[in-house]
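Below are the structure tokens for one structure; questions will follow.
In order of appearance the chains are A, B, C and D, and numbering begins at 1 in each one.
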Amino acid sequence: MSDNWGRWGADDERGAANLLTPDVVLAAVSSVRQGRVLPLAQPISGSTSGPGAGRVPHLAGRPLPQHFMSVDGGDYAAGARRLQGEIGLSDDALVLSPHGTTTHIDALAHMWRGDALYNGHPADRVRSYGATRCGIDKLGPLVARGVLLDVAAHRGIPHLPADTLVDAALLAEVAGAAEVEPRAGDVVLVRTGWPQVFRGEPARYQDAQPGLDGSGARWLVERDVVAIGSDNAAVGALDPGCTFHGTLDEDVHLLTLWRAGVTLIEMMGLEELSAAVAEGGRADFLFVAAPLPIEGGTASPLTPLAVL
Amino acid sequence: MSDNWGRWGADDERGAANLLTPDVVLAAVSSVRQGRVLPLAQPISGSTSGPGAGRVPHLAGRPLPQHFMSVDGGDYAAGARRLQGEIGLSDDALVLSPHGTTTHIDALAHMWRGDALYNGHPADRVRSYGATRCGIDKLGPLVARGVLLDVAAHRGIPHLPADTLVDAALLAEVAGAAEVEPRAGDVVLVRTGWPQVFRGEPARYQDAQPGLDGSGARWLVERDVVAIGSDNAAVGALDPGCTFHGTLDEDVHLLTLWRAGVTLIEMMGLEELSAAVAEGGRADFLFVAAPLPIEGGTASPLTPLAVL
Amino acid sequence: MSDNWGRWGADDERGAANLLTPDVVLAAVSSVRQGRVLPLAQPISGSTSGPGAGRVPHLAGRPLPQHFMSVDGGDYAAGARRLQGEIGLSDDALVLSPHGTTTHIDALAHMWRGDALYNGHPADRVRSYGATRCGIDKLGPLVARGVLLDVAAHRGIPHLPADTLVDAALLAEVAGAAEVEPRAGDVVLVRTGWPQVFRGEPARYQDAQPGLDGSGARWLVERDVVAIGSDNAAVGALDPGCTFHGTLDEDVHLLTLWRAGVTLIEMMGLEELSAAVAEGGRADFLFVAAPLPIEGGTASPLTPLAVL
Amino acid sequence: MSDNWGRWGADDERGAANLLTPDVVLAAVSSVRQGRVLPLAQPISGSTSGPGAGRVPHLAGRPLPQHFMSVDGGDYAAGARRLQGEIGLSDDALVLSPHGTTTHIDALAHMWRGDALYNGHPADRVRSYGATRCGIDKLGPLVARGVLLDVAAHRGIPHLPADTLVDAALLAEVAGAAEVEPRAGDVVLVRTGWPQVFRGEPARYQDAQPGLDGSGARWLVERDVVAIGSDNAAVGALDPGCTFHGTLDEDVHLLTLWRAGVTLIEMMGLEELSAAVAEGGRADFLFVAAPLPIEGGTASPLTPLAVL
């Protein structure tokens, strides 16, 4: 089904995460074969007085992460007093706006149409002190079978062209070639390779991007996936000017987050997983995502894991 | 052994995380029996204009999390222009200093004695733009067997008294009663119940705290654990005035992070796990921690997971 | 008059600041006699790993200033590379919520009753991206005659008791004794001495506070003052529990900011000015306030000046 | 003289601000003729979900201001509970790194050569918790005669070309034409018009910039000015690649801040002042700068004022 409103009760704020019953978790765990753990996040580089922050793929106009040390080894080198005369400590702070800047998972409250969030929760409850409905604190962890649909590798190219729409037919073709059928309770990761464009051509990265179209989103939602991840900025394709591709009825965020309660994981780092899957021959694995329980958060920064 | 400098090579920045070989991971995965997933984090409550932030257990004098919405449902209720005329979006920012305020995992660069970090890395490389040695970005994810040593439950009390030192003998006693022997590659979680003090008596929470003493830390390090977690603020006990208990030679942070490369997970939420273990009869499970790869970070906020 | 809506036009967003015509400014400048300049701000102390931030008077539950160095002398002591081999630089960042934490000036958009801001501007235009009406960027600088009404000194005590209501009669009495009559275009500073309570008894400071009542606010508004400053937290008195004193119709913020467009300057440091006025014998001077033009800001941190 | 170390005592941390004796202040005040007040700051635009922040001239790679509302009119439109049932409040937070992003005044601790700050203070005292020597909290307010040297207007062009070095001869020529001789205790403002480049060509703005060279800095320092302001990013000229122009011995920051204790005010908004001076015929006025007393700050955001 493509619309999950009411499916898990009128009060539900977790959406497709409800599919992760103990049986599904046990089946997901049984996907582990090698005991190899791969993090799927891009670095969070927030140095203000160094070149770091600008080096990580991000969308234009978004505030980059900022990372500050409130005490560090330099202070002791300069003579700062130590604890008990000998101990050195480092301490820090992070300022982070996840959307468009770092690997993150969207709350169901992140996007909606009209006056209601997913499952009819009033959008009026998303206020300056946070989303009291469908915030990221309501989602809970995702321990699921992960499936990599490596579209770029399937095509034998480092990254898809900017105007590639990953539609239902293409997803089916990639899944077929990989001999892995997305099923209820899966987290499906769609690799475009697009982050590789950033290093040499940041402005090109920040413009149009390859990604799912509405048919691709529907295809996954119909298979009852729990979440969709990608290495592009919005899971869905972006048109030139960095705008969502598609009409309102075909918008990927609306079809997934809003209508189906299927969350999105964006700006993932999938290169190492791509190589491991190519090498190991299996595109399914144990997937783990543990969002920070930010009360009323619209997203959480995330290090998703693949356990092969 | 209690000192791991050089054990994984002169350049090593991961410490005991190196123990997580594929075999150890596979054995850890085999601990899953029920398919039940429990998050082990306390909420991150950062509302500035509400009572939220002060409600979550934290140490005195630490900057509380701040969470800001840069666009929300209130804006649309007030007439803000929507995307394509119909779409609402919410977006946010987080300001976070993890130590003392939220569930987090320490980088090996967080504490040291003299001029060298863990494994002899120069403390001079921990500077205002971050720890270029032994930062949290170097640790990598922890997928391990988790073992709960529920000291408070073992004693049959909601929380340990403030002056309880969890020493080697007590750990051995609790492990024996639970019929679970910490082994190489485990993550051991020590439950004190101390967060329950916060609600009614925040000032008492912020003073002395029960926790490991040096002998307890040594006992765990000798068993080659990968990490030690607790629901108190510093894993080690805190003396009145919220200072580290013990001499320099018996300091828990120094014995673990610094000498042994064993990282610490602090301010965990262990109540639900305690109940589940009490009910299910097994104190071991699959444990997952996926730190954010904050370049040069001294810690990462974290939602640790137990998969029972 | 006590209600200035429409007085300076239907579009006006500056309120009583419109009274500062060139003639009024010239008269204010003529108050300078000694050439002595006094800053009237309390320090902004934002050190996260030191005791600083908590030492400055502030209200409970407010996020304290945070100040971070992104490069500093410690980094060079630790070996950081210098510009051209020899130059050292320091750079920093400030995180600040002015209300309740530091000397600041309120925007007219800071408080209102019902659905309209000062002068009938729709409160709906105060959104997550800032107050597009009556924000602090609309106020402009205040160069005016300043008048100190030093109520505590008038009574011969270091600070007023917590339950002192500074009413119209008391203001008139203090002004009369000081031989200075507030007139149109003045900025009047009301000294309570309350910050002196903070050092020894922060919890007492954060509870009830002496300050204006509604009659005092009306008395000043009727004299067409441009702004009212005080060394307490809210200009108006605070009842036990740190709540605004008075009914809605007598609320000091509503009578001044909202009805009269008279802005408020809070948490000032008036001790040095008090001593200088006591010594010099004149309670009027040139007053200067230059708010930061924060687009849509609800306040600006401020160093008000008295030029005696 | 060009070197002021020791001139105001071995402990001095205020530098040329010591020149602002009462007599100098009184003379400055006498420059007021029209009673016209002009703010000299560019806006601080920190909206994260709007286009604002990027519209204000700033250097590349610097973190832009961020401004967050923690409660606003939108929340009430969405049904948030009001104080006493009727009152609406707005509250906010600002995250700011002044250098390179907004109008600000440099602390004497901002730049140095070797191991000593201005006046020989050890650079080792500039640490993660702030500059305990020569921080912006030590500077105090500047109430001085202001002198506009409008180089662009003198040349009859909207802005100087990027490679213009404003040297001693050019300053003397502009001062002569304006019939105003910089004297001890003045604050001299050098207008380049460069911000006008930003709107259409931000990348050009962020590259080379016109500004003082070493001879120009020496010429002003020799006249015992208190501070030098400009509408460019660094007062001194910037070479292509946005690097300081000149050798170490001719570096403008070192000649002023470091050797002479003469502070710098950067990224000013001087267009309105330029027009007013052109119209009014006098290039001198009362100048006021009131830095925020940020303990250990390397700079303060600032709204400088000209009172004509």
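As a convention for this text, a residue touches a chain if its C-beta (ideal position, glycine included) is under 8 Å from a C-beta of that chain, and two chains touch if they have at least 3 such contacts.
Please read all numbers here as calculations on a predicted model, not as lab measurements.
Looking at chain A and chain C, the chains in contact with each of them are B, D. Chain pairs B-D and C-D differ in how many C-beta pairs are in contact, and the one with more is C-D.
Interface of chain A with chain B: the two copies contact each other largely through the same residue positions, with over half of all numbers used appearing on both sides. Averaged Cα coordinates give chain B a centre that lies 45 Å from the centre of chain D.
If each chain is reduced to the centroid of its CA atoms, chain C and chain D end up 24 Å from each other.
Multi-chain contact residues of chain B (touching two or more other chains): 47-49, 63, 66, 68-80, 89, 91, 93, 95, 97, 124-129. Partner chain C is touched in their complex by these residues of chain D: 20-26, 29, 32, 34-37, 39, 41-50, 52, 63, 65, 67-70, 72-74, 76-77, 83-84, 86-99, 107, 109-114, 122-131, 137, 140-141, 143, 244, 248, 251, 254, 286, 288, 290-299, 301-305, 307. Across the complex, chain A is touched by residues 48, 51, 53-54, 61-64, 66, 69-72, 74-75, 78-80, 95, 97, 124-129 of chain D. Listed in rising order, the residues of chain C touching chain A in the complex are 47-49, 66, 68-80, 89, 91, 93, 95, 128.
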